[in-house]
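Dropping the structures in below, format is structure tokens.
First chain A sits with chain B, and in the next complex the same chain sits with chain C.
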Partner chain A sequence: MSIEIRGIGKRFGNFVALDNIDLTIPTGELVALLGPSGCGKTTLLRIIAGMESADSGHVLFSGEEATHLHVRDRHVGFVFQHYALFRHMTVFENVAFGLRVKPRHERPGDADIRRRVTDLLKLVQLDWLAERYPSQLSGGQRQRIALARALAVEPKVLLLDEPFGALDTRVRKELRRWLRRLHDEVHISSVFVTHDQEEALEVADRVVVMNQGRIEQIGTPDEVYSTPASPFVYRFLGDVNVFHSRLHGAWAEIDRSPAGLAANGGDGDALAFIRPHDIDIERVEQHGSLAARVQDVHAIGPAVRVELAHGSELIEVELTRERANGLALIRGDQVWLRPRQVRVFAAESAGEEGGSGI
Partner chain B sequence: MPAAASRSVLPGFRIGLGYTLFYLSLIVLLPLSALVFKSAQLSAEQFWAIATGERALASLRVTFGASLIAALINAFFGLLTAWVLVRYSFPGKRFVDALVDLPFALPTAVAGITLATLYAGNGWIGQYLEPLGFKVAYTPVGIVVALTFISLPFVVRTLQPVIEDIEPEIEEAAATLGATRWQTFQRVLLPAIVPALLTGFTLAFSRAIGEYGSVIFIAGNMPFISEITPLLIVAKLEQYDIVGATALAVVMLLISFVLLLAVNALQWRLANRHSATGGRE
Partner chain C sequence: MSTRRAITEPRWVRLLLTTVALLFLGCFLALPLAAVFVEAFAAGVPAYLKALSEPEAMSAIWLTLLVAAIALPCNVLFGVAAAWSIARFEFRGKAALITLIDLPFAVSPVVAGLVFVLLFGSQGLFGQWLSAHDIKIIFAVPGIALATLFVTFPFVARELIPLMQAQGRDEEEAAVSLGASGWQMFWRVTLPNIKWGLLYGVILANARAMGEFGAVSVVSGHIRGETNTLPLHVEILYNEYNQVGAFAAASVLALLALVTLIAKTVVEWRMRHETEMLSASLSPEAAGAPPAAASAAR
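Up next is the complex of A and B:
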């Protein structure tokens, strides 16, 4: 089933949570709503589910008006960050719940329920835990049970609110790959909310980047990563913690470089964005390269991160191990930087979201 | 538990247990065993005669019957009160919350006199009830009113933390799975609350059984009709029939103990269902 969102707006007091959102989710796709906390992504998901009501706009399921439909009648499966399993029921009963509360004339027989629940538990590879209680399971197991429970009622849409947010890194990685495979198997339209860009890029067919109640960009993981539509997306999708790099300053300050900087701002101040792995370090000056001094060299796993000072600015460059070995950089070395790929945004649009990013 | 066998991280198991047992013996067990010893001065026939005397039996019926009704009323309205206090915010909520504790603090005699005055034929409430043929003060109904008043906080205070513990997401999950409000309450919320409700009920029930002060002012204390066992015991003491009084006390003690044991067993079974091997988070 496709989901259409038209002009959805939502305020909490003076705070604008969603500002006139338009979004179409085609049938069978796995879509990620990605953004920092407070960007409105969870509110949007809850409006799709019918747990929250929008102040304005419409939600359409398969082209049909669903804005005022009750949660119960929307046939959406919802997975919560903290699982929300029923503690006093066994795993089996948790999964069977949606079938048991159906009106009498729709309710499957006992044998049928047993068969369907067992099938679902096999699908999430936890059929051996059927008689356990949620408190006896690990976090990853609980979330898989929550997913099986949501799938039991054969929802037309699956909505997941930060489904891996409460799990530790290793389990999280495992589980998101597993979710991807599961989605390829059951092919149900799915929307999941996350603030983890790596998760969104790895799992989703399509990524919707949100910021301050608005959609910044919609595209495939590759599109949003390699051709960010705004400085915000550029900053948010870089590995902000470690490898993020920014070259601040006016256009002229990066020298009279012929590096093919596609300026979209015209005259005036502009900001150039370069990913840390899109810069090369050289010992010899070439036309268009920038002078810098090595501040620090860290080897991190397969990559080497170099911190350099260009004037008063700090620049991070990521090199492969081989390249770094070839250069043999030491702190204090004078080197030359050559950007391979640069994107420039006019200073007004880039400066707008101020301190976000790093 | 077997800290002696496997070393526990928590220190002081032996000394802790020792103090606990000593303390419980001194405060609870010693007076109770004195009671039993005193009543042992009676022969079995004498004991049986006192325990099954008509007046004694009638008073036991009144005591346990009224307590049961009061505890049931509180189980229902206490649940409602606790739910409202946890789930909704309204002006004066803190005030209402504090109000719940008042029956704990008020001297029970004061409560009894106040209730008796209110419900008497010329009282604020009684003047409207009595013309309708509904007598509260100086009847068993009055006893129930008094017992309901004094035992309310037990149910509310036991339920509040448990209801606070239920995340709203649980209800949302049930709704997305197609459950109606009633199904959500009945299948998801109630099972989570029932063990605590049972505890609250038990506490309220036992508190009501032991109540004396408030009841004697509103009950009228007519033998066979509105006389509670604690009053009968006091009456016997005033006639220097100490052995007879202890015999009655022992009977109350035994009945209460058996009832509490039964409720605890039921509760233990309920709690056990939730986590077969006790693997709580």
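Up next is the complex of A and C:
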């Protein structure tokens, strides 16, 4: 089932939670709503679920008006951030709940319920926990039970609120791969909310980046990472170096060196965004390279992170171990930086929080 | 361990404090309680039983039970409704409602009784209308039930509000998103989650309902065999120097207090147990723990 959101707005008092949101989620896609806390992503999810009502705009399911449909008639599966398992029921009864509360003429028989719940518990690989209570489960297990419970009513849409937020790093990684595989298996339209860019980029088919109640960019994980539409997206998705720059028509320069094409043209001050792994360090000066002094070298796992001072600005560069070994950098070395990929935004659209944001 | 030792008082201080507390308890609680039973059985078991089986005593016991049976269901209904609206919704006058719920705790029971006399007594606001329609409230069972309701209604609501606020809406929203109707959500999710708190409130309300003296005394009219509850019955017999009768009736109330205490302890224990389960299910613990270890830890 596809979801269409048209001009949705929501205020809480004077606070604008959502400002005229338009979004289409095609059937079968796994979409991430990504943004910092307070950007409105959870409110949007709850409006899709029908747990919150929008002040303006429309929600359409498969092209049909669903704006005023009650939660229980929307056939959405909702997975809560803290799972919200029924704590006085066993795992089995939790998953069976949606089937047991169906109106009498739709309700499956006991044997049927047993079969369907067991199938779902097998799907989430926890059939051996059927008789446990939620308090006896680990966080990751609770998450999977919450998912099985939501899937029991065969929802047309699956909505997940920060599904991995309350788990530790290792389990989080495992579970998100598992969720991706599960989605490929059951293939229902799913929307999940997250503030973790890595999670969104790894799991989703499409990422919706939100900020202050507005959508900043919609695109595949690759699109939003490699061609961010705004300075906010650049900063939010991964580390980035920001250089003060000047625009001359379509060209931008950093320290009088041509740096690259500007995204939005014009003349005047601008900010140039370069990812740490899009900068190379060289020992000799070349045309267009920038002078810098090495301040610190950290080897972090497979990569080597080099901190450099470019004038008063702090620059971070990420090198492969091989490259770093070849350069043999030590603190105080005078080196030359050569950006491989630069994106320039005019200063006013980049906002006031300039400087070298990492 | 060492920090615990460092803040522990010397042995003699601990002994002294414990002794003072125990002596106090003994003098002011255990001794009077024992005295009730000693006095009640002073003339022997047959006299005790005879005092309790007097028609007036039986009628007082019956009336006390009846009033409690009227007041408690009303309190459950009101308490759950009030706690639900306060814990789940934002509305104008919420703070006023919370304050009003506490009113019976703040007002003297005698004043509460007097209010009902002023409203429903023969000289009262609705007195003429009531007597014209031949409805008796004051000096009759309805008045006693009203007064009892007034003094007991905070108990259930007071117990449930913090509980429901702590539990939040998530489970109820989950139930509705799974297709449950309002009633199904209430019976299958809300009620099981608050049942121990509810029971605790009912026990406290019951103890108060059966033991209430002041408010009931004002509205009852002390008609023997008709509008005397147990506490009023005790007072009347005592004023007539009927020691055995007064203390026999008092012993029934004391027994009730003991039962209440035991029930309260059991329910408190169950509630703590559930709270531990609740806090366990909210902690963002590591999910990687092998299930065997998780079950062994219980």
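Just so we're on the same page, the second predicted complex is superposed on the first by the 329 of 358 C-alpha atoms of A that agree within 3 Å, B and C clash if a C-alpha of one lies under 4 Å from a C-alpha of the other, contacts with A are read in each partner's own complex, and residues count from 1 in each chain.
Keep this in mind: a contact is a pair of C-beta atoms (placed from the backbone, for glycine too) under 8 Å apart; a residue touches a chain by one contact, two chains touch by 3 or more.
Remember, it's a predicted structure, so these values are computed and weren't measured experimentally.
Partners chain B and chain C clash in the overlay (superposition on chain A). By the document's definition of touching, both partners, chain B and chain C, reach A:F97.
Among chain B and chain C, the chain that touches a larger number of residues in chain A is C. In the superposition on chain A, A:R149 makes contact with both chain B and chain C.
Applying the stated contact rule after C-alpha superposition, one finds that A:S289 touches neither chain B nor chain C. Applying the stated contact rule after C-alpha superposition, one finds that A:V71 touches each of chain B and chain C.
In the superposed model, A:Q217 makes contact with neither chain B nor chain C.
After overlaying the two complexes on the shared chain, residue contacts for A:S190 are found with neither chain B nor chain C.
After overlaying the two complexes on the shared chain, residue contacts for A:L129 are found with chain C alone; chain B is out of touch. Looking at chain A, you'll find residues 49, 51, 71-72, 76-78, 80, 82, 84-88, 97-98, 101-102, 132-133, 135-136, 149-150, 152-153 touch chain B in one structure and chain C in the other.
Chain contact summary for the complex, chain C toward chain A: residues 170-171, 173-181, 184, 188-189, 192-193, 277-278, 280-282, 284-289, 291, 294-295, 298. Chain A makes touch with chain C in their complex at residues 49, 51, 71-72, 76-78, 80, 82, 84-88, 97-98, 101-102, 128-129, 132-143, 149-150, 152-153, 166-168, 170-171, 175. Across the complex, chain A is touched by residues 167, 169-170, 172-180, 183, 187-188, 191-192, 273-277, 279-281 of chain B.
Interface residues of chain A, counted against chain B in their complex, comprise 49, 51, 71-72, 74, 76-78, 80, 82, 84-89, 97-98, 100-102, 132-133, 135-136, 146, 149-150, 152-153.
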